[in-house]
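The first chain written gets the first letter, and so on, giving A, B, C, D and E; residue counts start at 1 in each chain.
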Amino acid sequence: MPIQYYIVLSLALFCIGIVGVLTRRNAIIIFMCIELMLNAVNLLLVAFSKMHHNTVLAADKATQAGIEGQLFVFFIMVVAAAEVSVGLAIIVMMFRNTHSVDVNFLNRLKN
Amino acid sequence: MNSIIVSALMGMVMMFSGIVTNSKQSIKNIAIAAMAVLLVAHLADANDIFKININVHGMLNFNRFGMYFTTLVIGATLLYTIISGDEVVKVGANSADYFALIFFVLTGVSILASYNNLLMLFLGIEILTIPLFVLTGSDKKNLKSNEASLKYFLMGSFSTGIMLMGIALYYGASGNFNIDVNRVANEPVNSGILIPLGLLLMFIALAFKVSAAPFHFWTPDVYDGAPTVFTSFMATIVKAAGFIAFIRLFESRSADMGVSWTILMPVIIIATLLVGNVTAVFQQSVKRMLAYSSIAQAGFMLFALVGLNDVAKEGLLLYTVAYSIATIGIFSILLKMKDYTFEGYNGLAKTQPLLAFANTVFLLSLAGIPLTAGFFAKYYVLAAALKQDTSILWLVIVALVFAAISAYYYFKVIQAMYFKDGEAAVSEIKPSFKLTLLLLAAIIIIVGIFPTVVFNWFYF
Amino acid sequence: MISLLLILIPLLGGLITFVLKDAKTAKNFALAVSLVTLAVSVFSVSGAAASQLQYDAAWLPTFGSRFTLQLDGMGKMLTLLTAISFPVVFIATYNNEYKNAHQFFALMLLTQTGLTGVFAAADVLLFYFFWELALIPVYFLASIWGGEKRIQVTFKFFVYTFLGSLLMLAGIVYMYYHNPEQSFALSSFYKIQLTGAKSGLVFWLFFIAFAIKMPVFPFHTWQPDAYEQSPTAVTMILSGVMVKMGVFAVIRWLIPVFPQNAAHFSNIIIILSVTGMLYASFIAIKQDDLKRLIAYSSIAHIGLMCAAIFANNTTGLNGVMIQMFNHGINVIGLWIVANAIEQQLGTRKISALGGLAQKAPTLAILLVVLAFANIALPLTNAFIGEFLMFNGLFTYNVWAAAIAGVSIILGAVYTLNMVQKVFYGNTNTVTENAVEISGNVKWILIVLVLLIIILGVYPQPVFNLTGDTIKTIFNK
Amino acid sequence: MNQLVYLVPLFPLLGFLINGLGRKSLSKSMIGTIGSGAILASFVVSLMLFFQVKNGAVATVNYFNFINVQNLTIPFAFQVDQLSSLFLLIITGVGFLIHLYSTAYMHEEEPQHFGRYFAYLNLFVFSMLLLVMGANYVIMFIGWEGVGLCSYLLIGFWFKNDNYNYAAKKAFIMNRIGDLGFLLAIFWIIAKLGTVNYADVFTNDSIQKLSSTDITAITILLFVGAMGKSAQIPLYTWLPDAMAGPTPVSALIHAATMVTAGIYMIARSNLLYSASEVAQNLVAIIGLATALFSATIALKQNDIKKVLAYSTVSQLGYMFLGLGVGAYTGAVFHVMTHAFFKALLFLGAGSVIHAMHHEQDIRKMGGLKKHLPITHITFLLGCIAISGIPPFSGFFSKDEILAAAFAHNPIYWGLGVAGAAMTAFYMFRLYATTFLGTFRGTQDQEHHLHESPSAMTIPLIVLAVLSVIGGFVGVPEVLGGHHALHEFLSPVLVTEQHHEIAHQTEYMLMGISVAIAAIAIIFAINKFSKKPDLQDAQGLGKTLENKWYIDELYDAVIVNPLNNLAGFFKNVVEKSGIDGIVNGVGRLVSYSSRQIRLIQSGQVGGYILFMVMAIVVIVLIWVNDGFIYKLFTK
Amino acid sequence: MSATQILFWILSVVALFSAIMVLLSKNPVHSVLWLIAVFFSISGHYILLNAQFLAIVNMIVYAGAIMVLFLFVVMLMNLNKETEPQKNLWLKLAGVVSGGCLLMILVSLIRQASEVTNKQVLLKDGNIGLIKNLGKALFSDYVVPFEISSVLFLSAMIGAVVIGKKN
C-alpha cells in the first residue's frame, strides 16, 4: 500500500477528532475526540514504522528498523491510559460539583 | 540522572510519609528535607562527586547547561517549599500527595532538561503536566479550581495530540526519534516537508506549554483558578521547564524549519507580548494580573529562542532565576493577603513594611528595572537575539515598548502598597517567612548587580 | 578613589538613614552626609589628581563591562553641582515636615548616588544602571510625599522616562554588537564607526531617551505635572540636577558616538528645540501656578541647551557647559522661593498673591535677582551661558538664533509678570499676614545669589574646568 | 590714566552696595551723601580723564577675560577715548546734579525706600558707565541691559501701584526686543570677525572682511537695539509710560542718559554705518518719523511729564536723523545739549509737581510764575533752549543736524523744521499753561505752593546755565566759531562728508527755522497764557491726545494675538494636543486591554478554535518555505 | 485488488464513518460505542500492518479498559441527549471549517512530500510488530522510558486518588 493512504487516513481521523473537540460541548465527548486524535497518531506511527522497516528490509533481512515507531505507540497508549484516569477523575469531580459536564458552563474564569 | 531518580524516589517517600504521619508541619518539614536531599544529590551529580550511572541508550543527554538548569529549578523549588510550604499543606487533606506530585513534576523537569529523544520529551511533558492537572484541581470544593483543572486538562491533552502528530511526521521522515542535541546548530539539512512540518507542530505544542500567544488561552484561567500556592509553582518552575524543553529541541533544529523560523518567532513574540502586557493592564485581581504577566514574561523568554546562542542560554538561566524567584516571592506575599484585588494591597507599606519592600523588589525585577535580576534577565535574552542578528533591532524595540507598558500593572501594586491609604489585611506572618522573603529579595538584588555569579557557578 | 567616594558616601549615608527612626536625626544626618560629599566634591574639583578621579574594577568580566568611574571636567562640574544642590535643598527645606522623614532623606541620598554615578560612569552599562538608579528613588519620593494627583502624575513621569531609557537600552545592546572590542567602555564606544541606515535609528533611540529626560519638545509633557506634584525638595533636584542628566548624556554619549548622525539630524533637533523654547515660553506666559511657570521656563532653557549642543561648535558647547551648572543654581533658587511662599501662604497661585515685597523685602530682593538671572541679565551667571549658546546657534544658522532669540523677550514677559504679580502691588487677604523668610532660607538664597553674581562676572573657572571635555569631543 | 579708569564705575558701584545693604541702618542724610558723593567722585575722576583725553591720551584698559573659550575671547576692558570721556562727563555731571536734586525730592520716602532709591540710582549710573566705557560690544551690552534693569526698577519704584509696575514691565520688555537685535548684531560680528573689541572691529581691515550684506545686517540689527533703548518707532511707547517713576529718574534715565545709549552705540559704530547707505537711510527715516510723530502727540498731552516724555522721543528722533545723515558730531552734540535742557525741564517739572503735591495735570496748574520763581525762570530757559532759539544750546546742536539733513536731502530738513516748530509750540503751550495765567488748582494746593528747597533749585540753576551756554562748544564755522566739539571728537568719528552748503543757504536755513520756532512760541504763549486748552479734545485732537491709539493698535495687532496664541498653546495644544497624545497612548492601551481581554471568553471551545485557526495560519505562513515572508521581501 | 487492499479500504471506511458518527451521535453512550468501533477498525489496520502486539494492546487497553471506563462514567452520570443543548451553529460551522482547512492543508502538503513519494508499506513482511522483538527492544534500548513511565503511572494514580477521594 502506498504510505500516502495511511497518511491521509490518519490525518482524516485526526482532523475529525479536532472537529469533534471544536463542535461538542460535552466534556466527555471532547475527551473521547482527543483519544481519537491520539489513535490517529498511533496509526500513522505504525504505518511509518512499517515504511521504514520496508526500506531497510531489502538490504538486511534481520533488521529491527522501524521498531521505535511501534514502541512509541506503546508508550502513547500507556500515557493515554494514565491521562484517562486523571481526566475522568476530574470530569467526575466537576460533575459532582455542578451536575453538568457541559464545557460551556465553564465560564467562571474569564477575561 | 541523579535528579530524575532521586526526585522520583522522594516523590514516593512523600507518598508514604502521608501514611506515616498526619501532622502537616512534619509533612512540610519532610518535604523540605527531601528537597534538600534532592538538591544535594543533584549537585553531587553536577560536580561529578557521585553519579548513578545507567546506560540510557541515547535517550538522555546530560550536558552542563541542562544540569545547571536543573540545579536552578531544584533550588527554586526548595525556596518555594520553604516559603510556601505552609500554604501547600493548607490546600487540602492530601498534603503529602501534593508534595509527591511536586517531586514528580521535578522528575519531569529533569527529563526535559536532558532529553535527547522525542519519546523522552513526550514522557517528560506528560510527567510534568499530569500532576499539574491534579494540583490545579486540588481545591475540590472550589468551582473555580474544578473549572481550571478541567480546562487545563482538555486543552493540555489537545496540545499533546498536536505534539504527537508532529512527532509522528518527524518520525516519518527521519526514521528515528533522536534530536541529537549535540548537532551543530543551524546547519541546515535538506529536510523536505515532513520534518519541518513535524517540528512546526511540536513548536506549537511547546508554545502551548510556555503559554505563548495564540496558544496562551489556558494560562489566565488556569492560573487564576488553581490554588494560589500551586499557581506560583506552575507559573515559575513549570514554565521554565517548558522553555528548557523548547530551547533544547530548537537549539539544534531551528534551521530545519527554514525561513519560517525567522518570520514565525517575531509574530509569536509580538502576539505574546501584546496579549500578556496589554490584557494585564485592565485586570482587577493581582493574581490574574500575574497570570497575564507570566504570559508577558514568556514573550521575553522567547527571545532566547530567537537568539539560540550562548548568550541566549545564559539569559534563559538568568531569566529562570530572576523570574522564578521574583514570582515565587510575589505569590508568597499574595498568599498572605486576604484580598487579592489591587485595593487589597492598599497601605501594605504601613502595616507590613518588610513585605511591601520585598514585594517592591520582586515587582521591580519583573518590570526589568536595573539593580534587580530582572534587568539582566531581559538584557541577556534581548542581547542574545541581537547577537544572532542585529537586524532584529526593531523587534527588540517593540519588546521594550511592551516592557514599559508592563511597568503600568506592576507599579499599580507598588502604588497601592506605598502611596494609597488603606488597611491591607494580611494573615499571620511568621518571622521565618520574613527571613526567607528577605533572602529572596537579596538574591534578586545580588544577581541584579552581579549577574555573573550565576554563570561563574555554571562555568567553573 | 575620589570618584568612588562621591558615590559611596551618599549610598552608605542613604542606607544608614533608612534605619534612623527619628525625623530630626535623619534630617541632620542626611545634611551632614551631603556636606561631606560636598567637601569631597570640592576637593575633586580643586585639588585632586587625575588618577584619583579614576576608579576601575571588574564587574561583568564575561560581558566586557567594567565598573569604571572617571571624572573629566564636565563630570567634575556636574558632580559638584549635584553635591552643592543637595545640602542647599536640605537647608532650604529644613523646616518642611515630612512623615517618615528618615525614608525621605534616605531616598534623597540614594538619588544623589544615582545622579553622581551618571555623571561619573565611563562605561555605558554602568551609566545605564545609574541612570535608572536615579529615577527609582525620585519616583518614590514624588509619589509618597507629592501633591494630590501625585500617583498618576509621577507614574506618567516614570513610565515616560522608563520607556526612553529602555529605548536607549536597545541602542546600547545594538552598539555593543557593533563594537569590535566587545566592550561597553566609553573609550571603545567612541571608536565605533556605525554607518548605514540603522545608525540613524540607533541615534534616535539614544536621543529620545535623553530628550525625554531633558525634556525637549514634544516630549516634555510629563515635566510640568511632575514638578507641580512633587514635593519641592524633589522638584529642586529634578529640575536643578536631573534634567542635566539628559543634557550631559547627549554631550557624553551621543554627540561623540554618532558624530555623523548628530550632524545629519541636527536640523530636525534644532527645529524641535527652538519650537519648544517658544512654545514653552508662550505657555509660561499663561501659567497661573508658580511651579508650573518655573517648569515651563525650565523647558525653554533646556531647549536652548539642546539646540546649542547640536549647533556643533565649541562656543555653543561651552555655553551649554556653563549653563548646565548655572541653570541648576538658578532654578533651585527659584524653587526655594516658590517653596518659601507655598509653605508660608499655602498657595502657589500667582493670581492669588501680591504685595509680598512689602512683607518680605529680603525675599523680594533675592527673588528679583533670581528672576533676572532666569532671564539671563548680564552679570548674572545665566547670561554667559545663554550668550555663548545663542552665539553657537547663530553660527549654525542665523534664523535659528533669531527665532530662538524671541524667547529672550518672552522670558522677560513671563518672569516679570510673575515678579509683579507675586511681589508687587498691594497685599490681599492671602498675603496680608505674610512674614519674612526664615534665616536658613535667607542665607541659602544669599549664597546662591552670590554664586549667581560671581559666576556672572567671572565665569572663567568653569570654562577652565570643562575645557578638556570640549577638547575631547571636538578632537575626536 | 590707566589707574584711574576703574575708579569711575567703582564709586557708583560702592555707593550702590553701601546704600543697598545699609538702607535700613543708614540715615537719610547719610544715604543721600553717599549716593551723591559717589557720583561726584566719579565726576571728578571723569573730569581728570577728560582732560587727559583732551591732551591726546587715549587708553584701553584690560582687566580680565570675561569670557575666554576656544574660539572666542571677550576681555573685560574699558576704553576711554574722546567719545566715551565726553559721555562720562555728561553722565556723571548731570547724574550728580540729579542725585543732589533727589536728596530733597525724595525726602518724604521712608529711609529704607530712600536707600533703595539711591542704590538703584547708583546702580544705574554704574551700568551707564559700563555701557559707555566698555571696550567692546559685550561690555556695552552688559551696561545696556543693566540700565534697562535699573530703568525697570526705578519706574516701578513705587511698587504698590500696579500701573507703575505695568509701565516698568513694558519698558523692560520693549527694551528686550531691541536687545535681541543688538545681541544678534554682536553674534554676527563674532561670526565674521571673531572679536567684539572696538579696537579690532573698527579697522579698515575688518571692514573689508565684511561683505556689504554683513555690514547692512549688523548695522540694522544694532539700530534695532538702539530703537528699543532710545525709544524710536516702533518701540517708543514705553518711554512715555516710563514717566511713572519718580521725576528725577525721568530726568536722569528717560531724558538725559539712558535713552541716549542708542545714539552712543551708533556713534561708536559710525565706521560701520558710514559703510552702509541702506542702514543710514533707515536710521534717518526712522529718526525723522519719530521726531515728527511724537511731536504731534506732544501737542495734545496734558500731563506735564508726558509732554516732556514725547518731547524726549522727538528729540531723540532728531539725534537719529543726525546719525542717519552722517552728522555724528551733531548727534552727539545734541545728546549733550539735550541732556542739559531736558534734565533741566524734567527737574523743573519735578519741582512743580513737588510744589503741587504730586499733581501732574497742567490743566490744574497755571500762574505758578509767582509762586516758584526760580523754577519758572529755569524752566523758561529750558524751553527756549529746546525750541532752538539762538544763542541757547539747543539752537546750535539742532541746527547742525538740520544743516546736515538739508545737505543730505532738503525734504528731511523741511520735515525737521516742521518738527522743530511743533516742539517750540508744545513746549510753550506747556510753559504757558503751567506758569502763566491764573492758578486753577484747589485752594488747599494754592495755600501750600512754595519754592523748592535749595538742593533742588541749585541743580536747576546749574543746568539752566549749562542749557544757555552749552551750545558754545560747538559753534559752527558759519557763525564764526571753530566747533571745538567737532575737533575734539574727530579721532573717533568719521568726518562727515558734508556737501558743502553755501554760507548764504545756511544763514537762510537758520533764519527760517528760528523764525518758525519764534512764531510758534509767540502763538503758543498767546493762545494758552490767557485761556488754556481745558476742554476735552475733539476729532484729530482727541486722536493726538490718545497718542494716535498706538498702544491700542499694538494691543490689537501684537499683544492680544500673542496672548491668545499663548492661551491656545496652553489650553489646546498642550492639553489636548501633545499631552493628549501622551495620555491617549495610555488610554489606547487600557482600551485595547478591555477589548483584548474579551477574547479570553472563558469558553474552552473558543480557546481551542483559536488555537486551531492559529495552527492553520501558522502552517500557511510556513507553506512553501514561508510564502508570506517572500511576499514581504519581494 | 488483493484481499489486503480490500480489507484496508473496508477498515478505512469503517473507521472514518464511525469516527464521524462519534461526533454526530446525540447520545453520549452511542458516541462511546462508535468510538469503540473506530478502535476496532484501527486494530484491524494494525493487524494488516503485521503489528499484532499493538493490535491486541489496542483492543485490550483502549477498546477494553479505557472505553469501558468512559462508558461507566457516562452511565454513572446518566447523561442523555437532552443534557447537551446544541452549540451555537456558527461556532460549529467555524469548528468544522477550521478543522477541514487543517485537513486540507496537511493533506495537500504531505501528499507532495518527497520523503514519502513512492514509499510503500509492505503489509505482510517484517516481524518487528511481534511481541518478542518489541519486548527485547523495550527492555534494552527503551528501558529508561519504560521505567520512567512508571513514575507517570504513579503520579496518575496519586492524582486519581487526590481528585477522586472524598474529604
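Heads up, the rule we're going with is that a residue touches a chain if its C-beta (ideal position, glycine included) is under 8 Å from a C-beta of that chain, and two chains touch if they have at least 3 such contacts.
Owing to the predicted nature of the structure, the values given are computational and were not obtained by experimental measurement.
Chemist: Please give the intersection of the contact partners of chain A with those of chain B.
Modeler: Correct list: D, E.
Chemist: Name the chain whose C-alpha centroid is farthest from the C-alpha centroid of chain C.
Modeler: E
Chemist: Please identify the chain lying most centrally, where each chain is represented by the average of its Cα atoms.
Modeler: Centre-most chain by C-alpha means: C.
Chemist: So which one's got more C-beta contacts, C-D or B-E?
Modeler: Top pair by contacting C-beta pairs is C-D.
Chemist: Farthest chain from chain A, going by the mean of C-alpha atoms per chain?
Modeler: Chain D.
Chemist: Report the inter-chain centroid distance for chain B and chain D in whole angstrom, where each centroid is the mean of the CA atoms.
Modeler: 76
Chemist: Distance between chain D and chain E based on Cα centroids, please, to the nearest Å.
Modeler: Roughly 101 Å, centre to centre.
Chemist: For chain B versus chain C, what separation do you get between their C-alpha means, in angstrom?
Modeler: Here chain B and chain C have centroids separated by 42 Å.
Chemist: What whole-Å value do you get for the distance between chain A and chain D if each is reduced to the mean of its CA atoms?
Modeler: Computed value for the inter-centroid distance: 96 Å.
Chemist: Listing for chain A: what residues touch at least two other chains?
Modeler: 3, 7, 14, 17-18, 21-23, 25, 30-31, 49, 51, 55, 65-66, 68, 71, 75, 79, 82-83, 86, 90-91, 93, 103-104, 106, 108-110 - these are the residues of chain A that touch more than one other chain.
Chemist: Can you list the residues of chain B that touch 2 or more other chains?
Modeler: 119, 123, 126, 130, 133-134, 137, 140, 149-151, 154, 158, 169, 172, 197, 220-221, 408
Chemist: Two or more other chains touching the same residue: where does that happen in chain D?
Modeler: Correct list: 586, 597, 600, 602, 604-606, 608-609, 612, 615, 619.
Chemist: Which two-chain combinations touch?
Modeler: Contact pairs between chains: A-B, A-D, A-E, B-C, B-D, B-E, C-D, D-E.
Chemist: Can you name the residues of chain D that touch chain E in the complex?
Modeler: For this pair, the touching residues of chain D are 605-606, 609, 612-613, 615-616, 619-620, 623.
Chemist: Can you name the residues of chain A that touch chain E in the complex?
Modeler: 1-9, 11-26, 28-29, 31-33, 35-36, 39, 42-43, 46-47, 49-51, 53-55, 57, 64-68, 70-71, 73-75, 77-86, 88-93, 95, 100-102, 104
Chemist: Which residues of chain E touch chain B once you look at their complex with the stated criterion?
Modeler: Touch list, chain E to chain B: 106, 109-110, 112-116, 140-145, 148-149, 151-152, 154-156, 158-159, 161-163, 165, 167.
Chemist: Give the list of chain E residues in touch with chain D in this complex.
Modeler: Interface residues on the chain E side: 87, 91, 94-95, 98-99, 101-102, 105-106, 109.
Chemist: Under the touch definition given earlier, write down the residues of chain D that touch chain A in their complex.
Modeler: Contact set of chain D toward chain A: 597-598, 600-605, 608-609, 612.
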